[in-house]
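One chain, chain A, links the two complexes that follow: it is found with chain B in the first and with chain C in the second.
Now for the complex of A and B:
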């Protein structure tokens, strides 16, 4: 047994001894992740005095467990009531909620939990093993390359638009326009803010998210008695449904593997986050599926892709933090601050000077995912009851909870009104057949695309050819082109096969 | 007929209560006058949990004991601090019961780029807590490893330089360096300290400029080559020289300087309150508890530095002047 293996084993035993912190933190994370507006980052901030009072290892285990479980918790309301708890879960309801409406909420939750835990665990192991290589990804993925990554996600609009091209494109374009509100990233010139200072930093994501999805959904379900489409679909929760969901997910293990790796790779790029990863994973999953037409109707693979990917991001964000001292996301940035209080200095020498801290973070993540699957999976049976709550009670609860969620991140009344405004917009869009998800993709990914685009232009003094100036970027452009064209060719092939027409 | 007024029990009680009340009244009035009789609201124009918040908590944990009251923070991030200032000036009474805790460097530069809705002379900073000089740094793997490399390369081609945002003291420091040396720099705002460090480390830009506290936190991933002010921490900033010493310049220190500000009207209408604020603020720096609190929140001890209204005023004025000079480059106007 070499030194590293012995050290890893020692760190494993030490981390596992903190099970009494991990288990309650998992439940805390599920709650904060599930409430829009709350997240692991702001919970760690609120509980900072507690974190600082803990030992270094205790605090580290607490933060990591909270991070993982909050990510998973965000998917629960996304599936059950169409409320993504965070922007990272925005792609989850695309197929999760239709499953819940079909009375398969319990299966959907099980699929989501299995995909999240396996995806998270797998990427944690990969990240641990391939940390030096993964840390290099950020050295190659600069703004020009990220433009193409953004376009992978944004091209989902075209997929959604395929059902009704004009309406889909209008919805996507509207989203992109809303996303362009705020000051520009270079000279901070205000655009479309209508004089509201609250819009200078752009349309805040959480109010847009809860408004478009949750508030509009609450308006819709008021018109119904139950969330499930037909009362006949209301099944008595049983362990069978949970195992059915587990089985569905495990049968698609390869899907979990590759979509979680998409999340991992995007997660290690500083500044890129779960929202990008989940949309890109969903788009890729749909593009290379043999049944793309099932996406959006409650297809398990459409649920697995974003959930595996956004948990892949969780382990990915730790890589640049530990190896380079650059936090990959907001939660990692807060972790950096807390660990610096304890005298931990991140960067290349971390694994030489304090290897237990570096390995301990990944070990805490791995152990959290293992414990999560055993603690949360049984709960899916009880959580799925939400879909059977009469809407007379559920709709007001959704509206009040989500409005609080819209208020929490910045504590502006303006954000609360904004959520209501987006709720009305979402309601009108749904009632008139415009896809809310297309609007949201524009709102979430539009500003990111613009940011990378303007950075590239600023760096090149306005030369548009900068978009094709790097080899990696050009390879990504080719991949994007293939991922858009190949599915159409495959679909044509399948159609011809089914019609018995020989391919020319 | 002589009427003799006799006092019954009820009358006696009424009179006693009235008399007690009359006697107590001046005390109540006195108590209301004794400043501070309630908590002091403090607007922080950045998000909760950030550097300003940690700094605020550390400082007020000591100041509250000197002043005899609690501080209640209110966080109003957005528009590079503009939202918080607009709320402070527009919605808070000028009664010395509300203060603002801002960053004099970048936030005052904002006013030079785009004037706010209020008159910037209607508030002033009276208590500087710390100073954090800006610096120029490269990623550990950058081919530019010395200041000479940077200048020489900047004369051959236009170098891309990451900055937190265009209107930032670090950006001004860099532009001044470019003017002095003839090197050509292209500022790229990477939206915050985290992105600015990442930009230099990963090679998104050739190098970056930022406040040194964030650079120190990045550890060995970066190497500091120049400080736009005094290098107070020596080795931790790689013994990088002061720009003025290195190039014979007289540039004011380019600082992130966190300070408490107050409505000018409050200081004028309530001079006794203002006096109490400033004297107790000053006393904090003589208390060892302040350094302990500052260190406990991750502060760099060398950066804890008192400044009164005069020093703050001079610094804010220099920021406005430099902002006006470089406005076209920083705002694209």
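Now for the complex of A and C:
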């Protein structure tokens, strides 16, 4: 046994001894992840005095466990009531909610938990093993390459628009326009703000998420007595349904593996994040599926892809933090502050000077995922009860607790009204056949796309050909092109096969 | 595309609301960047131009459908009598009230009032006792978890201030 293996084993034992912190933190993370506005980052900020009072290892274990469980918790309301807890879970209801409406909420939760835990665990191990290589990904991804990554996410709009292309594109591009509100990144010129100072920083994401998904959904569900489509679908919760979901997920283990790796690679890129990863993973999953027509109707693979990917992001964001000292997201940035308070200096020297901290973060993540599957899976039978609460009680609860969540991040009353405005927009969109997810994708990715686009143009003095100036960028363009063209070719092949016409 | 003779016609008036909003917003957006530096314009003109183009395609499609009698300019998919019967309009009114009052009354009291009134509206006045009880429990649970335990930045009113003073003085 060499030194590193011995060290890893020692770190594993030490981290496992903090189970009494990890288990309650998992439940806390599930709650904060499930309520829009209460991200893991906000909770760590709120509980920072507690974190600082803990030992270095205790604080580290607490933050990592909260980070992982909040990511998983965001998927629970997304599946049960069509309300993603965070933007990272915005692709989860596309197939999770239809399953819940069909009375398969318990199976959907189990699929989501298994995909999240296996995806998170696997990418943690890969990140630990391939850290030096992964850390270089951040160096190679410049603005031009990032534009292609964004376009991978935006191409999901085209998938969503498959049923009515024109309406899907209107929803997606309206989202992109809304995402452009705010000052421009170079000269800070206010654009489309209606004179509101609160919009100078752009449209805040949480009110958009709350309005488009939660408020509009609450106004829709009151048409029915219960969320499940037929009252006959309300089944008694049983272990059988839980294991059925586990079985469905495990049978698609390869799907979990490759979609979580998409999450890991995107997570390594600073600023990319879980929302892009889950959209890209969903889009790629649909593109290369043998049954793309089932996506959006409650297809397990459409649920596995975003959940595995957004949990793959959790380990990915730690890589630039530990190796380069660059936080990959908001939570990683807060972790950086807390750990620096404890005297930890990040960067290449971390694994030489304080290897236990570096390895300890990944070990805490791995142990959290293992403990999570055993603590959360049994709860899925009780959680699925949400779909059987009469909507006359559920709708007002959804509105009150999510609207106030829109207030929390910035403490502006304006954000409450903004969420209500997005709620009205979402309601009109749902009633008239426009997809709210397409609008949200635009709101999330619009400002990022513009930022990278402008950086590229500034770098090249306005020459648009800069987008095709790097080898990595060109490879990504080719991948994007293939991911758009190949599904059409596969679909044509399937159609010909089903018609018995030989392919020439 | 042909419709069966007895099939209901598409309510295209409702479907035009989002494109109309999109066109109006895009034109307003363009007006705000008309004299701005090119860095503020380039992306917005590109995205807005595509949006206007797609909306134009949709308008042409709607015109063709209207001409062939496949749809009407009705808003039946957006507003119906069901909105009054189901309590949707009442729920919307209480939601606006919630946004207005929460700044003055604080989270707990406003949540209690909102939950109880909206549930009364949706249940058409049935189960008044149960609704009052469940509204009180939810509002107090929200206060206990988010304000008392985690000190979250929820809007505060006299209830929160009073409870803080009571708890601080034992």
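Keep in mind that, in the parts below, the second predicted complex is superposed on the first by the 504 of 504 C-alpha atoms of A that agree within 3 Å, B and C clash if a C-alpha of one lies under 4 Å from a C-alpha of the other, contacts with A are read in each partner's own complex, and residues count from 1 in each chain.
What we mean here is this: contacts are C-beta pairs under 8 Å (C-beta built on N, C-alpha and C of every residue); 3 or more make two chains touch, one makes a residue touch a chain.
Since we're looking at a predicted model, the values are computed, not measured.
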_With the two structures overlaid on chain A, would chain B and chain C clash, or do they fit side by side?_
fit
*Return first, second, both or neither, reflecting whether A:186 touches chain B, chain C, both chains, or no partner chain.*
both
*Would you check which partner chain A:222 touches, where first means chain B only, second means chain C only, and both and neither mean what they say?*
second
*asked:* So in the superposed three-chain picture, is A:461 touching just chain B, just chain C, both, or none of them (first/second/both/neither)?
replied: first
*asked:* With both complexes superposed on chain A, which partner does A:103 reach: first (chain B), second (chain C), both or neither?
replied: neither
*asked:* Between chain C and chain B, which one touches more residues of chain A when both complexes sit on the common chain A?
replied: C
*A:176 contacts which: chain B (first), chain C (second), both, neither?*
second
*Which angle, to the nearest 10 degrees, do you get at the Cα centre of chain A between the Cα centres of chain B and chain C?*
80
*Considering only touches as defined above, state whether A:393 meets chain B (first), chain C (second), both or neither.*
second
*asked:* Quick one: is A:340 in contact with chain B, with chain C, with both, or with neither? Answer first, second, both or neither.
replied: first
*So, A:411: does it touch chain B (first), chain C (second), both, or neither?*
both
*Report, in whole Å, the shortest distance between any C-alpha atom of chain B and any C-alpha atom of chain C after the two complexes are superposed.*
6
*Can you list the residues of chain A that meet both chain B and chain C?*
185-187, 189, 411, 458
*asked:* Residue numbers of chain B touching chain A in their complex, please.
replied: 48-49, 54, 75, 77-80, 82-83, 86, 113-114, 140-141, 158, 160, 165-167, 186, 188-191, 194-195, 197-198, 201-205, 217-221, 296-298, 330-333
*Quick one: which bits of chain C touch chain A in the complex? Just the residue numbers, please.*
14-15, 17-19, 21-22, 25-26, 28-29, 32-33, 36-40, 42-44, 47-48, 50-51, 54-55, 57-58, 61, 77-78, 82, 86-88, 91-92, 94-96, 98-99, 102-103, 107, 111, 114-115, 118-119, 122-123, 134, 138, 142, 150-155
*Provide the residue numbers of chain A that touch chain B in the complex, in ascending order.*
41-42, 45, 48, 138-139, 142-143, 183, 185-189, 197-198, 200-201, 270-271, 320, 324-327, 333-334, 336-337, 340-341, 345-349, 410-411, 451, 455, 458-459, 461
*Touching residues (chain side chain A, partner chain C) in the complex*: 38, 43, 46-47, 166-167, 169-171, 173-174, 176-178, 180-181, 184-187, 189-194, 215, 218-219, 222-223, 391-393, 395-397, 399-401, 403-404, 407-408, 411, 413, 416-417, 420, 423, 425, 428-429, 431-434, 446, 449-450, 453-454, 457-458, 462
